[in-house]
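Have a look at the structure that comes next, please.
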Amino acid sequence: MVSFETDYNNGAVPEILNRLVSTNDDKTTGYGFDEYCVSAKARIREACGMPSAEVYFLIGGSQTNSTVIDALTLGCEGAIAPKTGHINVHESGAVEAFGHKVLVIPSDGSKLTASGINEYMTAFLADDTFEHMVQPKVVYLTFPTEYGAIYSRKELEDIYSVCKKFDLTLYIDGARLGYGLMSLKSDVDLPFLASHCDAFYIGGTKVGAMFGEAVVFSNILAPKHFFTTVKRHGALLAKGRMLGIQFDTLFTDSLYFKIARHAIEKAETLKEIFKRHDIPMAFDSPTNQQFVILTRTQRERLQKDVAFEIWEPLPDDRLVCRFVTSWATTDAELHALNEALDRL
Amino acid sequence: MVSFETDYNNGAVPEILNRLVSTNDDKTTGYGFDEYCVSAKARIREACGMPSAEVYFLIGGSQTNSTVIDALTLGCEGAIAPKTGHINVHESGAVEAFGHKVLVIPSDGSKLTASGINEYMTAFLADDTFEHMVQPKVVYLTFPTEYGAIYSRKELEDIYSVCKKFDLTLYIDGARLGYGLMSLKSDVDLPFLASHCDAFYIGGTKVGAMFGEAVVFSNILAPKHFFTTVKRHGALLAKGRMLGIQFDTLFTDSLYFKIARHAIEKAETLKEIFKRHDIPMAFDSPTNQQFVILTRTQRERLQKDVAFEIWEPLPDDRLVCRFVTSWATTDAELHALNEALDRL
Amino acid sequence: MVSFETDYNNGAVPEILNRLVSTNDDKTTGYGFDEYCVSAKARIREACGMPSAEVYFLIGGSQTNSTVIDALTLGCEGAIAPKTGHINVHESGAVEAFGHKVLVIPSDGSKLTASGINEYMTAFLADDTFEHMVQPKVVYLTFPTEYGAIYSRKELEDIYSVCKKFDLTLYIDGARLGYGLMSLKSDVDLPFLASHCDAFYIGGTKVGAMFGEAVVFSNILAPKHFFTTVKRHGALLAKGRMLGIQFDTLFTDSLYFKIARHAIEKAETLKEIFKRHDIPMAFDSPTNQQFVILTRTQRERLQKDVAFEIWEPLPDDRLVCRFVTSWATTDAELHALNEALDRL
Amino acid sequence: MVSFETDYNNGAVPEILNRLVSTNDDKTTGYGFDEYCVSAKARIREACGMPSAEVYFLIGGSQTNSTVIDALTLGCEGAIAPKTGHINVHESGAVEAFGHKVLVIPSDGSKLTASGINEYMTAFLADDTFEHMVQPKVVYLTFPTEYGAIYSRKELEDIYSVCKKFDLTLYIDGARLGYGLMSLKSDVDLPFLASHCDAFYIGGTKVGAMFGEAVVFSNILAPKHFFTTVKRHGALLAKGRMLGIQFDTLFTDSLYFKIARHAIEKAETLKEIFKRHDIPMAFDSPTNQQFVILTRTQRERLQKDVAFEIWEPLPDDRLVCRFVTSWATTDAELHALNEALDRL
């Protein structure tokens, strides 16, 4: 059985494991004040081309979203998101748990648009009753999106511009940031992204780490008491060095980008394999998540040899199924997939 | 200047004022344990035809929704609502303030449908990732809706039935309940409504009282520690008797229903007046809120003599405007409106 | 049966009732934007001697505390209070409901002290782990306290000074403010109090109104989005004029102070009556709440004729009992108490 | 420089690292449904002697407390704790963040007592105003406490008994559980503890793991929707296997207990070293945390060679300082401490 179920279905890149082993006996202070965290933060600032950015390490993605959005908003303020946004669907209400409404606005598929934000805010401010409503404050988008889509330079520029117009804070969820930036279709690199939002996070969990997300406040200062807010959210790792070691490794010799590119290349091959078997794509994704359409029979047969996720049913009873590559995907696995498809 | 702005733009029905004056010197215990509250609860149980219902008095509508929904849900549970639901739009996130997500599902205009709930729950339970989502628990609907629509017996029966199928609690926001029940088009009366939901509230603020809403747990017990929950929500009135006196008066000699019917009759006349002036309705409303379409010029001219609310702009730049009658609307006011329309 | 149970055991001062009756048919806009609210705010600013203070009307005391403290704090910030503070004991956790910890510090009986705050903050900042703790932000005190004590000018000055030193916001709960300011022992008047704190509220519910508390931001601007925050807390009254009418009346011709002084005078007589019957005071209170010590037998007998509250048991099994006068207390009631004590 | 700063100042026990390396290429499903988690849960149930206990893996201690207490309480319910309890001091208000008050009651040093709980609950229920207060629901204690103290069998029995009497849920924070159970003074073992509370957690972070805490619902079912609640708290690890692998290793061949005993033995030696240098203990601790009293001069000199934590100042200006051993403490480190003390 080979698995294309997720990009977090195995351990960590070997470089990280080696580093954990070699540093295991060092004694360091806790909570992220160790030398590994210091070094990792410096490397991330450098990779972003933003020497004064503030970097914090948290553990997981939903936790990071809930913590950062809470820190960026007052109680009665909320976060604008597309309907498919992770915070709106798959975080068990972690944003609402801290009192903030997710404000769903019309989107272009899984992507927010500058015009959509502009129209929403214009109508909001024109409404005589707007003071009775949740006040929009954060704009939340994912890069790449939950459906594998990416934003272009132009799109990010326009969105950030409309955010500034309405005093909104742009926060980018980068759970799979590496795979988005390394997409063959992407014209966005890390410095561009960092300079076209207020805050974002660099996903580690899905891009080679055991766990960990690096929050970067790139164009704003970190919110007041952010360390305490992280602790209050249960997001402060006692052995903070584990995060520092991992991100220091990922941002040494561009490892983060190299492994992400590996996944993209394997995803392109995977796409070709499906095409060769006349299995249609549900939509075009230039990243490491691929969405194919299977009949129920195909899905049943294929699941005997290959692990993947059912994404959603189509009206015609076929199924959108998700196949994900990662930094760890091998040619052997793709070969096994190919053979399984041959046998369908 | 006459006002059709809202149904809470004046004081209280004279019977309530008289009662407040005549009881002013009585000394009673606080927090709703006085004799007036006891009597008012008995009258409400009787009007509902549910001798064992539990009744609590709160102060305002948003407060009541936030308190009751919070009491009926665990932290990770949320409330299903239509997009136009008051809790989703005009309560400043009071439901989210206590940690609960409002789960917007497709609706028939401003009304939820049994089939909509059924489809949503079926898809939810079929989704492998449902444990990562907010768990639906309460179904929230308004009777009449924010757009003046009402549910039929059949519709309520079907909705309550699907709620039971999925272990959902049906809670009805009756901010304008009287106007809904007394609509000429309504086949629902209070006992029917009370027996076809788990909990609801009888709106006082908009139907003759100075303030006050009566929460009725008709088919379920009041949630554990409900009194303390009310207090925690800042919704416990120290001089609780003020609520008892008002509801005791409203439910003596069917006053609540009589004044609501008065508003409905005036709304029918108001509809005719607009029809006579060839001003179109935005949609048909059988209750005390009427939604007419005015050009911007008409609106400007009319607002010199008549107070009303801009509801929303139409794509063609005309405006949906809301005109509301109440228990206090007079023929003289309708006459003045008629004359103002003549002058347009 | 006469009642000294509370100062909110009857209706409202006749002037308020009359005003409600005479204004009943006026049509006004909702939510506190009516002319009565405008006038009441002006009168309160004038009585405070602070022309630029911002005034908001809320409904009840616990609600007001929860709303104001929430508006003045970030999520990880808390409110310093004495152990006996109302927010710490009798609000069902309404402050915590919005995420904020109540930080109990040593006090002088029911009163905070400048030195107590100073010591707490000094130790807090000297603690290496302070970033793992709730960050103190608001200082909460009641004037008069829950035990009837009042602060002197000197004490308020010192407390406000230490608050400024540590960037703390001083917020005063004035649920019974009138009775505190009108105490024969008080050297504090309303302008002094208003200028020696950042925000406070003028209690209406317990001082002559049916309900209502006037929040005054005297030395700071109202927090951003405060109107929306009030709505989010369920504290926005639809018929906001009810609050405006009441406070406008209370602050016309110093009515608020006159009725409070009446209660103080009656409390002094009440004290004498107990003294004459050799019933000891639990502690000295210069306000309208008096705390006497009764044996269980005395209490049982007295409760046949007089309503009062058991405050707390003493180690020797006697009981501290509370007797409260109000603007409505009559000589006849005091006479009846005297006779009941004669019969003990 | 040697470090006795904390028991989480290095990596993980080698057995865990080895296991992470050897399993790194396995593909597993996420969120704790992998075979390692299944195995670890079985081993923990066995070590507890409770075949039907439910086990969940979370990441850190504060997170675990906040999540479990939230899951065990309704909104208006709170958690009883001693003043020194971790949830009351060092979790940045994470319990309050989810709306629950920490109810501090008198304690015996850092330990709760059965009589203290009994007196508190008796007074609470006898208070006429108890419905206006936060409702006590969870009893929170730490084993060992933040000051290194442990509870005896008798004490746990009595506390659990009083909890049952008042329908309170007993939850034990076992951040350092191993060190408590392996104390030379402890008569409590894991099965005894598991059977004398409702829920507890077995600390991994401070006892050999990189991170991770195992929550055990031993005498109650896991709260409804607990998985979703964990996710909502940001406490669900995507690569859940990391937790399974660690706990499976710790509970193979009693590794957890062996490494904890090692720390206890080193703590006993450390105690002797201080005694030999006539440095007094602040109080007696039978666990791996030792609290000694140093003058400011001693502290300054010692900190040149040895890392440790300042716990709190004494009135006489001396300092309570904490020295902590762990599973990783070596004789060489103790030797270095001894030499540093010789040089004072």
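Each chain carries a letter (A, B, C and D) given by its place in the written order, and its residues are counted from 1.
One rule holds for everything that comes next: contacts are C-beta pairs under 8 Å (C-beta built on N, C-alpha and C of every residue); 3 or more make two chains touch, one makes a residue touch a chain.
None of the values given here were measured: they were computed from a predicted structure.
Relative to the C-alpha centre of subunit B, the farthest chain centre belongs to D. The chain pair A-D and the chain pair A-C differ in C-beta contact count, and the higher one is A-D.
In this assembly, the C-alpha centroid of subunit C lies 42 Å from the C-alpha centroid of subunit D.
Between the CA-based centres of subunit A and subunit D the separation comes to 33 Å, rounded to the whole angstrom. The mean-CA centres of subunit A and subunit C are about 50 angstrom from one another, to the nearest whole unit. Looking at subunit B, one finds that residues 75-76, 91-93, 97-99, 132-134, 228-229, 231-232 touch two or more other chains. Taken in their complex, subunit B has these residues touching subunit C: 2-3, 5-6, 8-12, 14, 17, 20-21, 23-30, 59-64, 66-67, 91-94, 97-98, 205-206, 210-211, 228-229, 231-239, 242, 307, 328. Subunit A contributes residues 75-76, 78, 89-93, 96-102, 104, 126-129, 132-134, 309-310, 313 to its touches with subunit B in the complex.
Interface residues of subunit C, counted against subunit A in their complex, comprise 70-71, 74-77, 98-99, 131-135, 224-225, 227-229, 231-232.
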